[in-house]
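The structures considered in this document are given below.
The same chain A turns up in both complexes below, where it pairs with chain B and then with chain C.
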Partner chain A sequence: MGILIYGLINSLDLILMSIGFALAYGVSRVPNFAHGALFILGGYLTWLFLFRFNIPYLFSALLAVIITALIGAGLYRFIIIRVRGMPISEIIASFGVGLAILEFLRWTGLRGTTYMLPSFFRGGVYIFDIPVDFQRITIVLSGIAILVFIWLFTSYTKTGLALKAIAQNERAGLVLGIDSDRAAMIAVAIGAALAAIAGIIILPLGNIIVETGYEVLIFAIAVSVCGGLGSLKGAVLASFIIGYAQMLTVSYIAPHYHFVVAMLVIVIVLITRPSGLFGKQKELEERV
Partner chain B sequence: MSSNDDYMLEVNDLLVYYENAIAINNVSLKCQKARITGVFGANSAGKSTLMHSISGLILDMKEKEMRKGGERITWYGEVKYNGKDIIDVKPSDRAGMGLVLSPERRQVFPESTAMENLKIGSYLATKEQTKKSLEFVFKLFPELVNMKKREAGFLSGGEQQMLAIARALMAQPKLLLLDEPLLGLAPSVESRLAQAIKDIKDETNITIMLSEQYARPVFPVIDYGYVMENGSIVLEGTSEELMNNPDVLGAYFGM
Partner chain C sequence: MQELRKERLDRGVKVRSESIYAISSLKEIMFIIGPGLLLAALLLILPLFVSSYWQGVLKITGVYVLLAIGFGFLANYVGLVSLGGALFVGVGGYLSGGLNYFFDLPMIVTIPIAAVGGALICTILLLPALPLRGVYFAIVTLVYPMALSRIIVATGAFRGTDGLPGLERFPVGIGPIYLIFIVILICLYLLSRLVNYEDFGLVLRGVKDNELSIKASALHLTWYKIQAVFIAAFMGCFAGAYLTHLYGWVGTSLLAQDFSILPVAAAVVGGPGTIFGPLVGAFILVPISEAMRDYGTLRIVFYAIILVIFVVFWTEGILDYLKRKYEQFEHWVEM
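Up next, the complex of A and B:
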């Protein structure tokens, strides 16, 4: 039972960490390798507002999300746009920005145990005699809420539909009046906002440290590759597979393998299904 | 000749180069309001480049090539839409002006349902316009009603083409560009679509410009036509004039 519950928590943890990355790639084909840095930045800014400026928790968080989203938009508007259409350059450019952000934070002194976000609610409950604290329940609930939000956004709003259109066929979108650069910028900004939200929700479980930024990026890539790049459905399924696989190894083999599992899953998926679980690139060939 | 006001689109002395190769050589043509204008020619005659120049996609192509350091695309001349030169206007802004392209090879959004394709098409339209256009396209293509929930990638070629035209209509075009709308379709579907194109003109007054490799199925519905060869226009005339020209008959009708 413990594995079931904590596996679920771990899975939603992964969803939260990776959904922003998967969304930005899924709708605009921008591989945002600054994702992990934005995750940490979101948490750090919240901490900054909360403890240095004494702004209430909720507003600090909101402010941090907005600022991170703007940084994401700027990242696209001023940097990625110059190398758009060349995936390797996009990866290098965005990873460079991520490195710059993380190492700048390290330089300003982001290390050790000083930087810690408080839990939203203290305490916890027992679910089938398994103790679960409220922060982890928040992770599960907000993970589900974000998935619902993304689904509603991409199927019912004009902007969401436009993003989906550009992801599938940029030129066809352009001639229908959708500005693809604007759409991609919005996608990266939303991805950045989701990274910040994830950071704010997940980081109270530990310290805000720079290394977590790199880990989050690796998990996000693991989940996206395993699910099939660009597929949100795939990312969700992959989160559950990797989430439970990790929980099983942690309980039955050894805790320090939990990182290896993510990599192992990538290798297995790439050997058996090279385009990922839901990778559609090759399945829907054009019909003539 | 009638005054310029009757022309929705005027292309004057257009030249387009891909690096040093000339794709469009001094092309001038006009599209009369509320009429169907056809451009015919074999592969590589320059039809698609012409369509891209009019829809604006060529700007996007140029930018992409520039970022990659690839081919240099250059152009000279005018593309006048309602009397205004639009050669430097972005494709998404041209769509906002009512210049909408239904691209070659359909290019439907394969992972979206047919209905979602139409909704995406109405990105620039108001709610009322969307409702009216939906009614119109379902009347025009009743086949689409049962396909609403199907993923567009799994539709047949003819259905995809209907969807592509319907999607373009959702964007509230004033000038509808159809790039090879009959490409790769069965003869019965070809005549069905040609009739639909005529219906669009008759019922909505939308000006239509279409390009096609084989003239035969669309000839009965066009009002004026141009024949392109190697990037230049070699012949033009009303549908009867072209029909009675032995060169055209031989080259484009297989007679």
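Up next, the complex of A and C:
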């Protein structure tokens, strides 16, 4: 029972971490390798506003999300747009930006136990005799809320539909008067905002440390590769598979291994089904 | 009155394309091979005239040069972006360190074994990503070094976080510098022969630019990628083994971000699309980074920013720029 509940929590964790990456890749085809850095940046900015400027928690979180979204938009507008269509340069440039952010934060002293976000609500409840604290319940609820929000956004709003159109067929979208660069910028910005939201919700469980940034990037990539790069449905399913696989290894083999599980998932998926579970690309296209 | 006009130095030497020359005098031969010879001579003379601190820096530079050349070769000639030079360094370093520590083999045995064996291990590890598009190679190379260092810390293999101490070390002096510089020169020479004058190089360019043409020629795409990765991994693993015996110590720091990002930055700064560019880039960046050692991880921020600036705004790189200028030198000739 414990594995079931904590597996669910872990899966929603992974959904939160990876959904922004999957969205940005699905729409703008930009592999945003700065994703992990934006995750940490969201948490760090919240901490900064909360404890240095004494802004209430809710507002500092909101400010952090907005700033991170702006950084994401800027990342696309000023850097990635110039290397659009060259996957090698896109990866190097976005990874470079992410690395610069993370290592700069490390230099300013982001390590150890100083940097810690308080949980939203104290205490916890017992579900089938398993103790679960409110922060983890928040993760589950907000994960579901974000999924619903993204589904509503991409199915019922004009911008969301435009994003979907560009993802499905860029040329047809251009013919219909959708500005593909603007759509991509919005997608990267939303991806960045989702990364920041995930950071703010997940980070109260531990300390804000730089290594988490790299981990989040790897987990996001593992989920996206397993689900098929660019497929949101696949990403959700993959999160559950990896989430439960991690929980099982952690409880039956040894802790410390959830990173290795992510790596194994990537390698196994690449060998057996390179397009992922719900890959938009056909398998032949992935195999050059 | 005698009339003069300006003429470009390379007129008459350069015919039609980048690699075909019409040479009619010793002067023209010097025009073409001069820069390369100058570079080699500089590499060989430089260690004699620097203080022992800078000799240390030169050794580290040599390690990064090898990694950068490997990265540049894979990225520019095969179209595979490796974000994990640390994987090569780590595997090579741990292999030679392990052989030295557990089996007491001398380093004259461990280094070659580590270079070849490590390259084999790395190639096998990277194999799943090779039949696929380039994005997946970048992903897999990014994941491995981090995962390996987690595994080493978690299982305590190779004595975990403490590392293997007391390994055999290179003698003090300029010997080790020459070892790595000569390896670098040999690698550069062989690689530039390979990519410019052999069929193999032509096929590799095809792999990068147009996979379909390779398939249409009934060549085994993945097999060519495997060979290319082996070459790059060989250089990286040698660098790792060298580093191990330089410090006499192996630890998870061999899998650190520095070894992944600096070679990328060096290759991009030096000049993508050339074999020699990464060398120039590494010789510019590594001394700067050594000078910044006191600032801790701010160094990584520094190269990351340089990297982004070059990728986005100055894709030509330093070497291509210099080459263009060199060929545009003009001199006065009589009409």
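The rule we apply is simple: the second predicted complex is superposed on the first by the 282 of 288 C-alpha atoms of A that agree within 3 Å, B and C clash if a C-alpha of one lies under 4 Å from a C-alpha of the other, contacts with A are read in each partner's own complex, and residues count from 1 in each chain.
Just so we're on the same page, a contact is a pair of C-beta atoms (placed from the backbone, for glycine too) under 8 Å apart; a residue touches a chain by one contact, two chains touch by 3 or more.
Note that the structure is a prediction, hence the values are computed from the model and not measured.
In the overlay built on the shared chain, the residue A:262 is in contact with chain C alone; chain B does not reach it.
Of the two partner chains, chain B is the only one touched by A:172; chain C is not.
More chain A residues lie in contact with C than with the other chain of the pair chain B and chain C. Once chain A of one complex is fitted onto chain A of the other, the partner contacts of A:273 are absent, as it touches neither chain B nor chain C.
Contact with chain B, but none with chain C, is seen for A:180 once the two complexes are overlaid on the shared chain. Of the two partner chains placed by the overlay, only chain C lies in contact with A:95; chain B stays clear of it.
Of the two partner chains, chain B and chain C are each touched by A:82. Legend: residue contacts after superposition of the two complexes on their common chain; A:214 is shown touching chain C, with no touch to chain B. Within chain A, the residues touching chain B in one complex and chain C in the other are 82-83, 286-288. For chain A in complex with chain B, the touching residues are 82-86, 155, 158, 161-162, 164-165, 168-180, 280, 284, 286-288. Considering their complex, residues 75, 79, 81, 83, 128-129, 131-136, 138-140, 142-144, 146-147, 150-151, 153-154, 211, 221, 257, 261, 264, 268, 295-298, 300-301, 304-305, 307-308, 311-313, 315 of chain C touch chain A. On chain B, the positions that touch chain A within their shared complex are 55-57, 60, 64, 67-68, 90-96, 100-101, 103, 105, 107-112, 116, 119-121, 123-124, 151, 153-157, 160, 167-168, 171, 183-184.
The part of chain A that touches chain C in the complex is made up of residues 31, 33, 79, 82-83, 87-89, 91-93, 95-97, 99-100, 103-104, 106-107, 214-215, 217-218, 221-222, 225, 229, 254, 256-257, 259-260, 262-263, 266-267, 270-271, 274, 285-288.
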